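In what comes next, chain A is part of two complexes: it sits with chain B in the first one and with chain C in the second one.
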Partner chain A sequence: MQTVLETKNVIKNYRKTKAVRNLSIKLEENTIYGLLGRNGAGKTTLLNLLTGHKFPDSGEIKGFGKTLNKGDSLQEICYIKDNHQFFEESKVIQLLNFAAPFYEHWDWNFANELLRQFELDPNKKFKKLSRGMKSTVGIMIGLASRAPITIFDEPLLGLDAVMREKFYDILLKDYAEHPRTILMSTHLIDEISKVVEKVMILETGSIKLFDDMDTIRNKSYFVSGKSDVVESILKHKNVIHKDQHGKITIAAVFNTMSKQEIMEAEELELSVEGMSLQKFFSYYCMGGDKHE
Partner chain B sequence: MSRSFNIVKISYGIIKFPFLIFAITLVLVSITNFTLNNIFNAGGIMTSASIANIIASYLFVISAIWPIYFYKRIMSLGATRKEYYSGIIFTYVAMAAIFSLFNTVWIPFENSFLSENIFYYNIVEIFNWDQYGTLGSFLYQFFAYLLIVSFITLLFSCFNHMIGILLYIVLAVGIPISVSIGELRNALGKGLSIVFSNPSIWIGLALNIAFILIFFYSGWWFTKRREV
Partner chain C sequence: MKASFDEGQPIFQQIAEMIEDDILNKTYGENEQVMSTTAFAKTFQINPATAVKGINLLVEEGILYKRRGLGMFVAEGAKEKILTKRKDSFYRDYVMKLLNEAGKIELTTDDVIKMIKNGDRS
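So, the complex of A and B:
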């Protein structure tokens, strides 16, 4: 697959704070990426760098093979920020009218459909909208733009569960018909696990993990049972977290387990269960803490 | 190019309502002044700045606000820096043309119908821009407005750059000094009159255009280096 966006050894500091450290990533065409990380991990900074809103102190950023110099930004990118810096006095429909000409593949039919689906009054002023509704305007611009690279920074802030589900459904349906690269940062980890194809975990400005969602799903397990048995069977496995309750141990494993291994574990009265992305993220970011 | 013109369209969409309020307020104040002067005219003729000139000052306000308010918002909607900057230049050119034309048409009206009890100072008469007729008056105004706008845009585009801050310091120190020392004051006045009130329209316009290009280019230099 073609690489659409790439960073090479990118560094960004804010005075003494190292926001992004020597980061090298490649984003491919027609893939949905989830960007995860704890608060202050550098997610927003990374997105700002990729979109040319901020400049790296060193390193290189390439879009569609072309190096982006200071001040350059790609016309093929639609970037929806979490703070929605739109014209507060404008109506929703005006904002859509303002945004549309900037995107070559903008679809007005889809934009109108989104207005209907998200039950948004097009004549309401942006400043009068609730936090969730403001997020919806951002989502609408992001989706209707059909930009080859669409980047959402915390797109679901303030949205209720119904609206979030609606967003995932619409996103997947539209992505199936109009594949493109979508990069989304969020804290709603379990929810996006249904949507994303690749996951990036950022920690203190560095990539801690960059893998396929399916690989993570197939490699993350909870193994629980008698402590000594758990210890022996997981001797050569990557245990990222352990909880011990008396003689029982619950271990979070990030390693491939063959069917044979799972069967063996079950024969030894161990329980082997899949792990949610949220749990995986928490344990992986904690870096193998043991709670006894 | 069409993306840059979209910025002109957005500017118009954002500007029009506040401008309407500004213009209506100005007209109401002017009508009140005019009426009161006609009713209670006791001490002869009053003086006031021309209404058309006050309206044109809106252009200068916009050129100060746009780099601060408009920049981040238009970038959030999907514009690139280049589109933003070329878009605001197109907006300024259109606005400068409209305000210059308006003032050119307004002067005869003001002199014929409004100046019975009020003497209006008009920038065209102050700088003697009407010496080359209506077209000359329009051109002098148009380029002078653009010159001021380009300078304001530069000043408000450079505030977060080291060189920009140096420029502020130079201006903050330089202006009071050049105004307080007699010889410098004379030189400054002479310089400004060469640019704004040159007896030769062609030299005047050429100087205006040169400064406009320098200021707009400098503004772009800072915009290119400005983070969102």
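So, the complex of A and C:
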């Protein structure tokens, strides 16, 4: 697959804060990425760097093979920031009219469809919208742009569950018909686990994990049962979290377990269960990777 | 067909099993078209790449085949292939679990056999 966007040894500091440390990543065409990380991990800084809104102190950023210089931003990117910097006095329709000419693949039919789906009144002023409705304006522009690279920073802030479901639904439908690269940061981890193909976990400005969602799902387990049995069976496994209650231990494992190994554990009366991405994320970021 | 996915097992594997189930229960016959990856993505709110992976798994095993420009179809002999595969794992996936649980609640294998025979109304 073709790489559409990449960073090489990128460093960005804000005074004394190291926001992004020596970061090298590659984003491929036609893939949906999820960017996860705790507050202050450097997600927004990374997105600002990728889109040319900030310039790295050192390192290189390339879009479609071309190095980005200071002030450059790629026409192929649509970036929807979380602190929407839309003109407060504008009506929704004016914001769309303003955005449309920037994007070569903008689709007005789709934009109108989105207005209807998200129940937005095009003649309402942006400042009169609720927090969630403001988010949907960003979502609409991001989706209707059909930009080869669309980047959302926390697109779902303030949206209720119904609207979020609608977003995932529309996103996947449209993506299936118009594949492109989509990168979104979010704290709604379990919700995006089915939607994204690859997951990037950022911690204090570095990539802690960058892997296929399927691989993570296939490598994260809860193993629980009698403490000594759990300990012995997991001796050579990467245990990222452990909870002990009396004689019982519940261990969170980040390691592949073969069918054979799971069977052996079950024969010893241990229970082996899958883990949600959100649980995995919190253990992984809390305890870290002790094995590797 | 089911409505949601379990944790722990990759979604693409669950997609493959879902299609296999539908072949076993005759929802899809030989040379019949199965749901497209796009339809899978839309219906289950999953990434289309995941659906592609699941379907490719079955193509590799000769259970589905591709017709250019048309989509995926059930191969001849698909049902037999699935049956062989599933029978192989039946002992591990079901019988062993059953005997484990029986052991826990102090049922002997004979007790279990008796229960199976009594419960068998066919």
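The working rule: the second predicted complex is superposed on the first by the 287 of 292 C-alpha atoms of A that agree within 3 Å, B and C clash if a C-alpha of one lies under 4 Å from a C-alpha of the other, contacts with A are read in each partner's own complex, and residues count from 1 in each chain.
Simple rule for what comes next: contacts are C-beta pairs under 8 Å (C-beta built on N, C-alpha and C of every residue); 3 or more make two chains touch, one makes a residue touch a chain.
Remember, it's a predicted structure, so these values are computed and weren't measured experimentally.
Chemist: Which partner chains sit in contact with A:Tyr14 here, chain B, chain C, both or neither? Use first/second/both/neither.
Modeler: After superposition on chain A, A:Tyr14 lies in contact with neither partner.
Chemist: Can A:Ile141 be said to touch chain B (first), chain C (second), both, or neither?
Modeler: Once the two structures are laid over each other on A, A:Ile141 reaches chain B alone.
Chemist: Which partner does A:Phe102 contact after superposing on A: first (chain B), second (chain C), both, neither?
Modeler: first
Chemist: If you stack the two complexes on chain A, which partner ends up touching A:Phe87: first (chain B), second (chain C), both, or neither?
Modeler: first
Chemist: After lining up the shared chain so the two structures overlap, which partner does A:Phe55 touch, if you call chain B first and chain C second: first, second, both or neither?
Modeler: After superposing on A, A:Phe55 lies in contact with chain B but is clear of chain C.
Chemist: Residues of chain A that sit at the chain B interface in one complex and at the chain C interface in the other, please.
Modeler: none
Chemist: For a test of understanding, state which residues of chain B touch chain A in their complex under the given definition.
Modeler: Residues of chain B touching chain A: 2-3, 6, 10, 13-14, 17, 72-73, 75-83, 223-225, 227-228.
Chemist: List the residues on chain A that touch chain B in their complex, please.
Modeler: 48, 52-55, 70-73, 75, 78-79, 81, 84-87, 89-90, 94-95, 98-99, 101-103, 141, 145
Chemist: Which residues of chain A touch chain C in their complex?
Modeler: Chain A reaches chain C through residues 31-32, 165, 168-169, 172-173, 175-177, 179, 194-197, 213-214, 217-218, 221, 259, 263, 266-267, 269, 272-276.
Chemist: Show which residues of chain C lie in contact with chain A when the two form their complex.
Modeler: 5-12, 37-38, 41-42, 44-50, 53, 92, 96-97, 100, 104
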